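The data blocks that follow each hold one structure.
Next come two complexes built around subunit A: one with subunit B, the other with subunit C.
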Partner chain A sequence: MDAVASRRRWSRLLVAGVVIALLVLPQVGGRFWQYLTLNILLLSLFSLSFNLLFGMTGLLSFGQAAFYATGAYATALLLRTEVIPLLPSVILGTVVAALLAAFIGFFCVRHTHVYFAMLTLAFGMMVYAIMWKWTPVTGGDDGLIGIPRGSLSIPGLFTIRMDPLAHYYYFLTVLALLGIYALYRISRSPFGLVLNGMRENAGRVEFAGIPTRRYLWWAFTIAGFFAGLAGSLMAPLESTVAPASAHWAKSAEPVMASLIGGPFTFAGPIVGSLIYIGLKEVIVRFTQYWLLIFGTGLLVLVLGFRGGVVGFLLQRFARRDSPAGPAEK
Partner chain B sequence: MVGTLLYQGLVGLSEAMYLWLVAAGLSLIFGVLRILNFAHGSLFMLGAYLAFYFIRLLGGNFWVGLLLGPMVVAAVGWALESFFLRRVYHLDVAFQLLLTFAFVLIFDDLVKLVWGPLYQSVATPAVLSGAVRVLGRPYPVYNLFILGVGALVGLGLWLLLEQTPWGTVVRAAASDRDMASALGVRVPRLYTAVFIFGAWLAALGGALSVPVHTISPGMGESIIIEAFLVVVIGGLGSLKGAFLGAVLIGLLHAYGIMFLPMFELALAYIGMAIVLIIRPWGMFGVREV
Partner chain C sequence: MAPLLHAHGVKKAFGKFLAVDGVDVTLPPGGITAVIGPNGAGKTTLINLLTGRLVPDAGRIFFHEREITTLGPSERVRRGMGRSFQLVNIFPRLSVHENVVIPVLAHCRLAGQMFRPLVGLADVHAKADAILDQVGLLARARHLAGQLSHGDQRLLEIALALSTDPHLLILDEPTAGMNPRERVQVLEQIGRLAAEREVTFLLVEHDMDVVFSLAQRIVVMHQGRILTEGTPEAIQGDPKVREVYLGEAILGKAEARTPAVGGPVGDVILEVRQMNTYYGLSHVLHDVSLSVCRGEVVAILGRNGVGKTTTLRSIMGLTPPKAGTIRLRGREVAGRPAYDIARLGVAYVPDDTRIFPDLTTLENLQLPMQVLGRGNGRWNVEKVEAIFSPLRDLKQRKGRFLSGGEKKMLAIGRALMTDPELLLLDEASEGLGPLLVRLLLGALERMRKEGVTILLADQNVKFAREVADRAYILEKGAIAYAGAMADLWRDEAVVKKYLAV
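Let's look at the complex of A and B:
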């Protein structure tokens, strides 16, 4: 009991430290570090949305980028009207992504895990193809460029222009942290417990009278919502969106980050995103064949380190209550 | 008008044959090994590139390329199964999918590394170039050849699985692995053989596509997605379903371009969505527990 309590105290301190570091970073770090940090935050949110499905229910989505890109495109289109302010654009963009996830999810959760992986990939690439070909709306191959960041304002009270990166940094960081906190609460809620139960034994959960398919549908929609939020926050940061953001190579990023960090703990995907972006930043300076290294890394993780970095550390230092490992058949 | 429709149908059918070869291997491997091979499109691509390589190397002989390319890919299939897949059969299905997905990423970049990111093509072999008149229109001889190969592979698979002792063993292992093993079937060896065969089929499709389609590093991903649509429509694990699914997708593309060019792409997905609602396990699929 003491060990658990002390671990909880340490993790609270750690979280507080990270949040404080995030808030003071613009005062000490330049544009490069701010930009890198924002990318880590976006990938963390994106990976956590993926891991809400994978880590909790065991469902492997290879089409998560479809919702990321949909959020990004919808927010970009709204911002480009120059009429709708930043916050409503981001929220609306996120909701559009969630609606698409509800629609696609309806077809994807009807089957076994194998069908789920196949269908999410196919539908994801459908979204990619639409963005690539529907030129009048999406800008086709070039995507949408010159997306304004707009401003954050309460009429009559204040208006903050979001053009300076430091301003947008705070906007993105606060929303991303809120998103991550919401996901944490969801994973610890009764709803989250049911999802976890489905990973362990779907049949038993169903016998307990729980409509599993409807729970999975909700989980899929929620995952699409948070992937969409990550995309919606990305569009004004980059000021461009391209079809590549919906491609399966993009869908592979949260897969990779979750596996590096460890899919069976909440913090795993966040740690994984940090490592992933850090490694990528270094590796792309030496070679353009990033996917080759990335794929080989995935191979090693699957064959040897299925608990990821966090799982490995926890097992190493706290043998007694290690997290649920990868389920063996 | 009827002539045009029939002709367009023939065009769709010949395109469907490449898809059939990929979907057949994908479905066969899933039916026996219970592994969904995400890298199956990459094996198709590898078959195309290796055939291209041998054709160039050996002074433009198409037939040698067609023979050697798929053979090398079969060897790659052997390595994939014996060194990697075998180590994850006991794991959760998600890790099996991730393993094959890792190879998609690896093969994509390897092909770029070796052959470059540009489009490549070779000439159609002299015997098969030219056209015959079908329904009053010129129809490429090569398309007829492809239709013939597709039909032959279909017939061959049927004979192999339904009429030979080896086929009986494969079907037995597909329906109950443990029982087959208890009766003396060497299941691990059978798995390797089936995976090699499936890889060879995909590579054959890739090699056959070299003279008519330009080859590029993105060709594997477009065919695997189409193959997924095919097996979802036909039923994963069913060869009859794979064949009819491929034909259906081929025809949808051919007529879609003719009548609804704007929505051509969406038709296959709409078809899949309808099948998923009416018959969730595909036209010839069996419900899984």
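Let's look at the complex of A and C:
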């Protein structure tokens, strides 16, 4: 039990360190580092939402970008009215994505395994087609451009313009961290354990007295909510949204980030996102064939680190801590 | 008194095969009712209909006087029904504790809580631990469920069924694969719960000692229908029941058989020396040495979790040993992959049979021939059907629709089709009714005559005593005893110490 307690203390210190680093970064790092960090945060949140279905529940979704893009488009449309402030726009955009997830999930959770994956892919492509072709609303091919960031204000008290990146940096970071924390709480809750149970043996969960389909539907909707939050936060950052954000290639990003970092640990997708974006950023500088190098790097990571980077490291530590005992989670 | 459960005219067909053909069951509250019947009689299908895993084609089912015919399993469990499964059905990559926490959460209506930390629910954890304590698994609460021995997984299966506090508990072969001590423990638990009128039991069981000592009422099924029902005394004396199920004598009453030939029969076919096997970091087998001669039947005995299955898997190359030698007809095979060892004439029948569910019986049998390209071995479909006659009528049935006993026969038959010289059998007699056990004994005798050497691991000591020439007893992953079966049986101290009979 000592090993567990010490590991818990170390991970608390690590989390505190990361949060402090995130908060002081704008004071020391320029726009490039802020922008890179925000991208990592967005992909982390997006990947964690995907991993709620994949690592925790055992469902492989290839359509997670549909909710990411829906959040982004909805928030963009609301902000472009120039009437609705930033925070309500982001919240409403996220809710719209969650509602879409509830609708699509209603059909998807009727199937598992490869059929589930194919259904999510099909729905994802439908959403992509809508974004691409519904020009009057979505701007079609061009997407939506010139999205204002608006401001954060409590009327009569204060108003903070979000145009400077450093200001928006704090807004995005705080909301993304809140989202990640909410997902963490879910993963450590009774509901989270039930999702793990469904990954292991859905039939037995049903015989525990739990209506599995309804729980899967909830999981799907929650995953859509947090993917939508990531998208909603992305739109004002980039100030444009393109249909590519709904494409299945976008859906593949959280799949890879989760596999790199380790789908069976909570921190896995976060570490995976860091590696994914970091690798991409470095390789792009050297060669235009960056996808080739990047793919090779991914192969090494996935084949070399069983259970992802985090899973692999945890196993190594477990081995050192308790040479004979079974691995603790 | 209003019945707790009432099923009326329930029917279920799989394709053309009528698995359950118009069954009426009425269970008054309290007491233990046992369902017996030959393998394939429709017992498990009936349980699946009662618990909502299957929806009947016709008929109605009432529980607590309310109709539940088309309700899903989770709703039935919420209304107070619980069940265990014939095959192990747990959450393998969760800890034993977490396995039990899931149904406890569901029962406490806490399973949907998303933001409350699970660690803070002290009542839930205490209740889960109490249930694990009842079945004797508390010491292993932190282990991964998938790493438990087969017998311990069976105990966990019972714990899962108990943890929703059911009024009606339906148990499908609850003691299959348990050693005698665990069996007694579980049966005492069932008896106590029934006596305290907390729980009404419906159980399917093949161990007639269990059935006749525990049940107040027995329902006999045959070919999808109820053949008869009544008190244990009435059933025991019923000639129809004897004909279809019990056979003439109950297994285990006979004296230990004397092997046809004493001592080693032929040259040594399998020689294992100082074999050490690990699962991950845990050292499971310690310097296991054993040998098997051509034409022999050798049994590996011992309690649950002592390494019987691991020994077979190590020989087969499925869990290669880290140290030691395995010689097959003098050839070193340790560390070789399983398919190589299969090609050298070894076949392995795992305890969970691994039948291909979407292939028919015939296709399951023909597959090894096609894969190995061996057309003219000693065994063919007709010969397998000759020793496992029930398979003859099941040629076109898909694996998933076979009963537990039928799968067992098919798995052994499929192994024979690879024309093995050495057959490794894991828990061959588990879940078989008395008539089928007799059939299996005959089949093993026939195989031996055809020149198949057999190494089996079995929890069922009575069965092993009937069939084996020699025995090894494993204790904590090491050989604790080796000798002729007849000598072993005379050595009461050894039997008591290692087999807990």
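Just so it is clear, the second predicted complex is superposed on the first by the 298 of 329 C-alpha atoms of A that agree within 3 Å, B and C clash if a C-alpha of one lies under 4 Å from a C-alpha of the other, contacts with A are read in each partner's own complex, and residues count from 1 in each chain.
We take it that a contact is a pair of C-beta atoms (placed from the backbone, for glycine too) under 8 Å apart; a residue touches a chain by one contact, two chains touch by 3 or more.
The structure presented is a predicted model; accordingly, all values stated were derived computationally and were not measured.
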Fill in: Partner chain in contact with A:L298 - subunit B first, subunit C second, else both or neither
first
Fill in: Residue contacts with subunit A in the superposition, subunit B compared against subunit C
B
Worksheet item: Touching A:W248, do we find subunit B (first), subunit C (second), both, or neither?
Response: first
Worksheet item: Touching A:F62, do we find subunit B (first), subunit C (second), both, or neither?
Response: first
Discussion item. For A:E206, using the defined touch cut-off, is the partner it touches subunit B, subunit C, both, or neither? Pick first, second, both or neither.
Written reply: second
Worksheet item: Is A:S189 touching the first partner subunit B, the second partner subunit C, both, or neither of them?
Response: second
Worksheet item: First (subunit B), second (subunit C), both or neither: which does A:G261 touch?
Response: neither
Worksheet item: With the two structures laid over each other on chain A, which partner does A:F123 touch: subunit B (first), subunit C (second), both, or neither?
Response: first
Worksheet item: In the superposed arrangement, does A:R306 touch subunit B (first), subunit C (second), both or neither?
Response: first
Item to complete: In the overlay, answer first, second, both or neither for which of subunit B and subunit C A:V114 touches.
Response: first
Worksheet entry | subunit B and subunit C contact sites that coincide on subunit A, given as residue numbers | 326-329
Worksheet item: Which residues of subunit A touch subunit B in the complex?
Response: 54, 58-60, 62, 107, 110-115, 117-119, 121-123, 125-126, 129-130, 133, 248-249, 252, 255, 259, 289-292, 294-296, 298-299, 302-303, 306, 326-329
Worksheet item: Given the complex with subunit C, which residues does subunit A contribute to the contact?
Response: 182, 185-186, 188-194, 196-197, 200-201, 203-212, 215, 218, 222, 319, 323-324, 326-329
Discussion item. Taking the touch rule as given, give the residues of subunit B at its contact with subunit A in the complex, in rising order.
Written reply: 30, 36, 38, 84, 87-88, 90-95, 97-99, 101-106, 108-110, 112-113, 221, 225, 228-229, 231-232, 236, 265-266, 269, 272-273, 276-277, 280, 288
Worksheet, complete the sentence: Listed in rising order, subunit C residues that touch subunit A in their complex are 51, 53, 72-75, 77-78, 82-83, 89-95, 98, 101-103, 105-107, 110-119, 121, 124, 142-144, 147, 160, 163-164, 281-282
